[in-house]
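Below you'll find the structure, written out as structure tokens, and then a few comments.
Chain naming follows the written order as A, B, C and D, and within any one chain the residues start at number 1.
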Amino acid sequence: MLHATTIFMHAGIVEESVTGVHRLYQLSKAGKLCVPAMNVNDSVTKTKFDNLYSCRESIIDALKRSTDLMFGGKQAVVCGYGEVGKGCCQALKALGSAVYVTEIDPICALQAAMDGFRVVKLTEVIRQVDIVITATGNKGVVTREHMERMKNGCVVCNMGHSNTEIDVHSLRTPDLIWEKVRSQVDHIIWPNNKRVVLLAEGRLANLCCSSLPSFVVSVTAATQALALIELYNAPQNRYKADVYLLPKKMDEYVASLHLPTFDAHLTELTDEQAKYLGLNKVGPFKPNYYSQNKKFYFCNKKSIPCWSYTFASTACSRAPTSHSEHLTLWWTRQAAEAFTKSVAGGLIASFEPPTRTEPEWEA
Amino acid sequence: MLHATTIFMHAGIVEESVTGVHRLYQLSKAGKLCVPAMNVNDSVTKTKFDNLYSCRESIIDALKRSTDLMFGGKQAVVCGYGEVGKGCCQALKALGSAVYVTEIDPICALQAAMDGFRVVKLTEVIRQVDIVITATGNKGVVTREHMERMKNGCVVCNMGHSNTEIDVHSLRTPDLIWEKVRSQVDHIIWPNNKRVVLLAEGRLANLCCSSLPSFVVSVTAATQALALIELYNAPQNRYKADVYLLPKKMDEYVASLHLPTFDAHLTELTDEQAKYLGLNKVGPFKPNYYSQNKKFYFCNKKSIPCWSYTFASTACSRAPTSHSEHLTLWWTRQAAEAFTKSVAGGLIASFEPPTRTEPEWEA
Amino acid sequence: MLHATTIFMHAGIVEESVTGVHRLYQLSKAGKLCVPAMNVNDSVTKTKFDNLYSCRESIIDALKRSTDLMFGGKQAVVCGYGEVGKGCCQALKALGSAVYVTEIDPICALQAAMDGFRVVKLTEVIRQVDIVITATGNKGVVTREHMERMKNGCVVCNMGHSNTEIDVHSLRTPDLIWEKVRSQVDHIIWPNNKRVVLLAEGRLANLCCSSLPSFVVSVTAATQALALIELYNAPQNRYKADVYLLPKKMDEYVASLHLPTFDAHLTELTDEQAKYLGLNKVGPFKPNYYSQNKKFYFCNKKSIPCWSYTFASTACSRAPTSHSEHLTLWWTRQAAEAFTKSVAGGLIASFEPPTRTEPEWEA
Amino acid sequence: MLHATTIFMHAGIVEESVTGVHRLYQLSKAGKLCVPAMNVNDSVTKTKFDNLYSCRESIIDALKRSTDLMFGGKQAVVCGYGEVGKGCCQALKALGSAVYVTEIDPICALQAAMDGFRVVKLTEVIRQVDIVITATGNKGVVTREHMERMKNGCVVCNMGHSNTEIDVHSLRTPDLIWEKVRSQVDHIIWPNNKRVVLLAEGRLANLCCSSLPSFVVSVTAATQALALIELYNAPQNRYKADVYLLPKKMDEYVASLHLPTFDAHLTELTDEQAKYLGLNKVGPFKPNYYSQNKKFYFCNKKSIPCWSYTFASTACSRAPTSHSEHLTLWWTRQAAEAFTKSVAGGLIASFEPPTRTEPEWEA
């Protein structure tokens, strides 16, 4: 749901966008790639943290900060049950909302059902829900027609990739009044005085509402930095004009760098156990399943600010919120420096950080 | 945790403070009461909403808004497992924190254990936790000694009644530097550069961080308004200089007024079932257990602003956040008007609303 | 949901039944009580353990053992949201079922909504649910008409007090075939071959399915034993032909006796804190709210076996399942012996333990 | 964690064992495969259902049936946080246990921490826990040394693949007494009379305790049947002596076949959306990521009984527990018949079903 891409004409690409990756498969066959690329998105740490765990936190924060609404007793529908949708559903259910899920994929739908959510079509519940969240990466998931049926006060926001998931454009008609009640919050007022509460004008709700824990940022930044360092330090002939996944060992390395912040103690394999499992005692512990998948990527312009923001945040550990944030930002800074050195720096500075209502590093 | 008291020299008192009630038992024997009083605190709706449900929402909001921290993986200790503590524990556990509980009451301690929380003494975990929350109504629960042992970045806040739960005074020593990083957030810096993050200077974290859903406010306001209306409309001889509980029927009435916002459908007793249960079909459904408990109250000055704030919020439904808020504020407004009429108004206007960083009714 | 009453003509009564207590209020006015009685039901330990916590465990066990069904993805409706209903809802939701609640009391209904359950009328969901659980203490909650509409394979069971909550009698008609598929499980077969799975013929599902952890039994037994000991040891004039509640201090004593099994560490008040709170450092920590409520009781015959079962279990710690069970049974045995001594024993032996498919103490 | 493999000399192999797959990678390089094989294990439906969801149900059932213990307040440690471990942790936490996790893989460890579990080394908690569960696929995870330190009544069981996770062999020494308290439950008695409760002698706790919902069985059976049907019906040259994954489309087909049991309603893509996503409206909705991974398999003898059991269960829908079970068994039967026809049957009948204490289809 977060995503970042960086191009360096002679070096390579790092892509971490879920939807971006998917879209690129369509273009890959055209063979438009001229540099090696690292698919950071499919590294477990990145996927879980930028999607499942990050959204479990940010959906709560985004809705609270913008609307002050109460989760207990609310009815919510989450469109899409991927990692992002799972995170949103988990958080809302945990805080006392009754949650419905919509899905196009039978496998995700089955998972939603097993997790205790009713799988419905949006039209089945649109009249009764208090909250509508999109997390599909698709377009036109919430249409004007849906919004016509929403009840007064229904909150609509997007946690997915595309800012077209909610058809905001369809609300720009003369019969509807837009009233900005505060930053990132618009009330769309119908002739009958019904109000629909739209967050961030359909853009990413969590990016707009200051809800990216620096820990999550650090995990992603560390992964990306490692990928970039690898691309830059690699001998000439290691990578071709192809897409590669971060080796599992590097993925596990990023995870191990963040474990101390949770005071988590890893168990070590005995020689006998390592032999039994056929593993090296220091990992990797999972097979490099994906490493054969070669796909072509192109640069996703939209995602650049976020990537730069990642590094922006690394410069700001003067007043870390907590110990974990301190440690992780520390690590990220190391990664950033290593990376900056390896690319002779300067580039990052030229990016602008995205707008955030209250940056967590503000002193 | 919220509480409000109002005195009208010739009419009576409404008290809704948990700790206040407890304290008053100490003075009651002295027989200092000269007017009838309504114990609103022990009405189920009030207790559950102002405490359990309200805190389940506000602890999350308070911590997020002030520190942007991530709940997943954090270790937290909640001091006190009453309704407030239960709400805090439920929310933190639900969002992926590992939660410890401290208690003095074996009954509450047993409940905490059965709910999956490790019951410990604060000193056992103080060195490892990332978050410390007080919810006891007691004083000196978190001492300078405890804070000496906290790790760098530990966040400390109070959700209980008393602003003396955290011994903030003990932090006003020359060796410690206070750095205000933003509204309601101070970093206490030790000589070794360790930072402890203190919220709201030890006052109620949730009052200071705009996290009172108007729905909760409405439930409490409606209960209080009903109590006041009753006191004012009651025939001369109905109430003596004594403390009374809101009749269960009134309590149930407040609840039923708020059910439509959840689209909740009550089941009605058949004549046969009502006869079998020996109940009136329209309630009350629970016995008036407490109605024999006569206790004396005194006025808790501190709580007046909150009560007035309740009414302040009723004047502000111009841009309700959601349908439920709309409905409930509407109801509260009716109650307020009825009440105001019955006391010839004017009084409320003289109260000042408490400071809130971002009032939910701000347009 | 569990309940037990014991009469000793010259000594007094101990009553622990929720519904029993309620019913007795109807008769109390008639003044039919000739001995003192202890209302054990309203002691926190008893209520929470016999109801909320015990049912959270036993509903899962009862359904699994009898039907092997999967909870994930199932739709269930729980009739009644008291402590028993809350326990059932909590467990089912936790294991991935989508749960609906029916209620007659707006206060309980509001709590259900805030806890994330849709509050409906039984007829709204009866056609779609896979599991129907009664926990009301009422009669005729699930009627033949409801069962006519259930889908094939719907499981129906009762966790409440009364075996008339499900109108089992209405199923004894020639057009329906009863097929006993295993102990405590009947399939009611409709002419169209639809099967409704009825547990324990509508009697308490948890009593019939071996799902009473000895820990729960011990808490209740300890409470009752203390009450009986008190009744027998009390000086002549302490208790009148009235109903009394176990003093909070005794209630807290029972809780403290069971804390070690959870390795839970209580915090002790400092002298200063005790003074501030106006409490004795060793408790009681909660006021004796109920102690003024005097009500009359009569003996509930049905509940005797359960009470005797409590003591039956105390004799059986030869192969305790776990350490906690060991400790607690140990305590219960002490209580039983103390009690037996004080009543010159003999009585208990004459009771029969209820049928249990697989007693946990069986070696 | 469940697993099944079937060999047909001239046709091919279906393998669904997690650990089996892992082990086979070690041998694959040796090039010992002479027939095509289907890797059913990595199909999402299979993985999630046989592991995460199935274990979330069966750990509860296995522990309740065998020991009647109470989950509330218990301390448990789960060794391994893969899908199986995740399921066990989720269920225990949900029912009020305090759960610790041990891991060797930093990525899984980080997930455990983010899910709210303390990640520890077994020795850190072995003295205090009430329940020890292995779910690693490794050997010697729980050693005699660990068991020496367990407290009286500690329950030990294995949910992982290998029956060597708990070093049961080390308990066969003269100083320890084995007392069989009931089917699948042994008490290991130390000279000091300490008892450790061992389930299923360290074999799979869930297979031994009748806790495989037929729904889970059906999902797996359907997946395997489809794979076998494909292998048998495929034209000569489609598959080589290689390992293939079930095409995503088949995986999604299995899921869609089971959705009706949950009354789940899939959303359909509009033409515009399908075009935008570059997907076919009927799927597949996920890329065939794995399909390039060619690995060699060998036959895992141990797993044959389970596979046959799958089919055994399909013959037994005479008294289905519930509607979902009915539907799914129906489907499985279709799959079985289709499969049996395609292989000229007879083979299945020769397998023996594994021992189950109380088969769910027993009438």
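Everything below uses one rule, namely that contacts are C-beta pairs under 8 Å (C-beta built on N, C-alpha and C of every residue); 3 or more make two chains touch, one makes a residue touch a chain.
Worth saying up front: this structure is predicted, and the values here are computed from it rather than measured.
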Contact-richer chain pair [B-D vs C-D]: C-D
Chain at maximum distance from chain A, centres defined as averaged CA atoms: C
Length of the line joining the C-alpha centres of chain B and chain C, rounded to whole Å: 31
Distance between the centres, which are taken as Cα means, of chain D and chain B, whole angstrom: 46
Whole-Å gap separating chain C and chain D, where each centre is the average of the chain's CA atoms: 35
Residues of chain D engaged with two or more neighbouring chains: 53, 72-73, 75, 96, 110, 113-114, 118, 262
Chain C-facing residues of chain B, complex: 22-23, 25-26, 44-45, 48-49, 53, 102-107, 109-114, 118-122, 124, 137-140, 251-253, 255-256, 258-259, 262, 264-270, 272-273, 276-278, 283, 285-287, 289-290, 292-293
Chain C-touching residues of chain D, taken from the complex the two chains share: 53, 56-57, 60-61, 64-65, 67-75, 91, 94-96, 128, 130, 151-155, 179, 181-182, 187, 195, 197, 210-216, 261-263, 319-326, 358, 360, 362-363
In the complex with chain B, residue positions of chain D that touch it: 72-73, 75, 93, 96-98, 110, 113-118
